[in-house]
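Going by the order they are written in, the chains are A, B, C and D; count residues from 1 in each one.
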Amino acid sequence: MKTVLVTGFAPFGGETVNPSLEAIKPFAGWKTDTYTVETREIPTVFGKAIETLYAAMEDVVPDLVICVGQAGGRPDLSIERVALNVNDARIPDNEGNQPIDTPIVPNGPVGYWSTLPVKAMVHELRRHGIPASVSHTAGTFVCNHLFYGLMHYIAESQRPIRGGFIHIPYLPEQAARHPGQPSMALETVVKGLRIAIDVAFRQEEDIATSEGSIC
Amino acid sequence: MKTVLVTGFAPFGGETVNPSLEAIKPFAGWKTDTYTVETREIPTVFGKAIETLYAAMEDVVPDLVICVGQAGGRPDLSIERVALNVNDARIPDNEGNQPIDTPIVPNGPVGYWSTLPVKAMVHELRRHGIPASVSHTAGTFVCNHLFYGLMHYIAESQRPIRGGFIHIPYLPEQAARHPGQPSMALETVVKGLRIAIDVAFRQEEDIATSEGSIC
Amino acid sequence: MKTVLVTGFAPFGGETVNPSLEAIKPFAGWKTDTYTVETREIPTVFGKAIETLYAAMEDVVPDLVICVGQAGGRPDLSIERVALNVNDARIPDNEGNQPIDTPIVPNGPVGYWSTLPVKAMVHELRRHGIPASVSHTAGTFVCNHLFYGLMHYIAESQRPIRGGFIHIPYLPEQAARHPGQPSMALETVVKGLRIAIDVAFRQEEDIATSEGSIC
Amino acid sequence: MKTVLVTGFAPFGGETVNPSLEAIKPFAGWKTDTYTVETREIPTVFGKAIETLYAAMEDVVPDLVICVGQAGGRPDLSIERVALNVNDARIPDNEGNQPIDTPIVPNGPVGYWSTLPVKAMVHELRRHGIPASVSHTAGTFVCNHLFYGLMHYIAESQRPIRGGFIHIPYLPEQAARHPGQPSMALETVVKGLRIAIDVAFRQEEDIATSEGSIC
């Protein structure tokens, strides 16, 4: 029996809800024939986000880690391809920190690739009717921060853990307060995460179809 | 007991599904204390759309009519404010017609206002967590065509029927084939239509808050 | 010798410049073999905008009138097709008025069509490398207000004046303060207006190609 | 006297013009008191793009290199912050190559940061009325390919060359054939590049203001 760790973030930026936190709740204690899922809430705070993740990883000893975060303005499940070693906060985090152009890991590599099969995930999601795409930027706020922290941990640990990050849209109730912004129902997101976890779990090699962008 | 007629369109433009048709199905035969709902499918064909609507109106004798249509690319429930007397088809309809700059009703007025309380509907939808907005263009395809036909019938009949049009986003399964497009879950749309019908039914006067656009 | 009246608006909404005002300046006193151009600045104020236009029309006695306005967020020259009889101001005008759901002309028709050859203008603009499109909504602020006032004057006067409205993007210097918004260089706008005036002047009948929108 | 190398790409993707190639032409042989500019055309072909750049760098021995590329759909001058070590071509290049998920430099680092003062450039551009922003993805086509190749050369050479990449919008004449897409006049782009080169040349340290994105 293997273990999957799935994380979501606390609400931030004036929102009272974070879709990533709502979306992971149904996975708490979820079991299939081959894996069980553990869920954790991550504070939307630079530094503490990574500390909380690392404590969870020591506790859970996962084989697969998927961090989930809110991407207000995006219309689909964005499977992130790369984490960058920079904090550049456009707004303060939940404790008022607003780092600008600081490294997440001093002397760490510029970036880490997701080790999830991002294209296989996108294709399987679409096949099940869930809007999804590969993203080449996870931003420069706490989401990217956590994603980089995750991949750095995995790289340093040299254990065969696989990890990645998924950005999800606003919930409809959030978009109702942000006219013009796209949203996705919680049920659609949850169904999508279930598929994404499943594909990530059973497939190590990605598929070779283009999901690139010209610019 | 009053009667509400709700219509949806047949799939068009290469789609195998039309969210408006799916969204009205749960309302077939739906009853509340004060009204019953009748639903009808409208062909996505210039001319026949209006003929089918008129036959339904003769049959049902509704007090309130809400026509629903697909607006691929829009992120929310768009409550249409005005119908224009022009057909200008960017693509052929389901029978290959592609009228350009023809009037829907020769010598008819340039436009008809919706007689639904469009702003009250938007506000009540948002209050229930459903993304919604007032729209000032229903396009120039079969949706606007039907909307204009509806309002013309009401104007001519001089009966106290009230009517309007709601555009809805792609379903997630459609957006999965149109990367980058927003979508809305069927359940969210259905919940929204129920609220919209309810507000439209019980409220004749609209509220006076701005939902205007600068351009 | 015929006369063309071209108008632009005063800056509004916190801007220090209005591209429509800048763009009409080069046309002041401009003459071709067949027409001369008069330009006027219109205050961005409900009521006064129309009064100023009407005074100019009495003064100039134009054969053709093209009103120009700023459409922040639009990427091209939007040739407006229809004016609607409603004021619904999302922000106050330059004198603090913010009418909501008032008619521009009590008991006036719902809308007036532009009497310019909107599609011929779009096609000729594109042929000269100027981004352009037909628009089916001029908004509900002072631009639509003026446009409706213009077309109402023409309808009432029963003189063979032709008229319409063109929305233009932010200038680059404005977009530099609104990151993510499209813009158009003043030179491109001016070149486009010259083409638009020319086509509008020499062509009464529009061309029959689709510039419709599905929704 | 120092030397700046500025490159632009050949047209691709069905376009007959590439704004980056047009925009660098006025800089050929351009001199200021402290530097001269050399320009080169880069083929829009994986592999050959980098070979051509490297030959130019051997030839010119530049102190500063700015590569420029077309970003159809973007509204402003995008100063790229990071190049990624991946080719993922959504369309074929000009010789029919369409690499998917291949490294640009086998065993090269995941990414390279631009060594230009990207935020100082954005701020100075905006101050001069030129729309600009920091971008965190240069895509996965030949633009990113060249950018990565440039930064790899600089890293390997251990010479004090500084380098980066700027994406620019469609020209108006291109957007006229892609309705709805933003554009920028050649004159605006050229003015912007001149400012960008100047800032890049005279300023080594970047400024510490946030240009980050939340996601």
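Just so it is clear, contacts are C-beta pairs under 8 Å (C-beta built on N, C-alpha and C of every residue); 3 or more make two chains touch, one makes a residue touch a chain.
Owing to the predicted nature of the structure, the values given are computational and were not obtained by experimental measurement.
When the partners of subunit B are compared with those of subunit C, no chain appears in both lists. Chain centres were defined as the mean of their Cα atoms; on that basis the chain farthest from subunit C turns out to be A. Each chain gets a centre from the mean of its Cα atoms; for subunit B and subunit D, those two points are 47 Å apart. Centroid to centroid, with C-alpha atoms defining each point, subunit A and subunit B lie 37 Å apart. Distance from the subunit A centre to the subunit D centre is 30 Å, each centre being the mean of its Cα atoms. Annotation for subunit C: no residues touch two or more other chains. This structure has the following touching chain pairs: A-B, A-D, B-C, C-D.
Residues 75-76, 125-133, 171-173, 175-177, 179-185, 187-188 of subunit A are the ones touching subunit B in the complex.
By the touch criterion given at the top, residues 13, 69-74, 78, 82, 84, 87-91, 98, 100-101, 109-113, 136-141, 143, 167, 206, 208-215 of subunit D touch subunit A in their complex.
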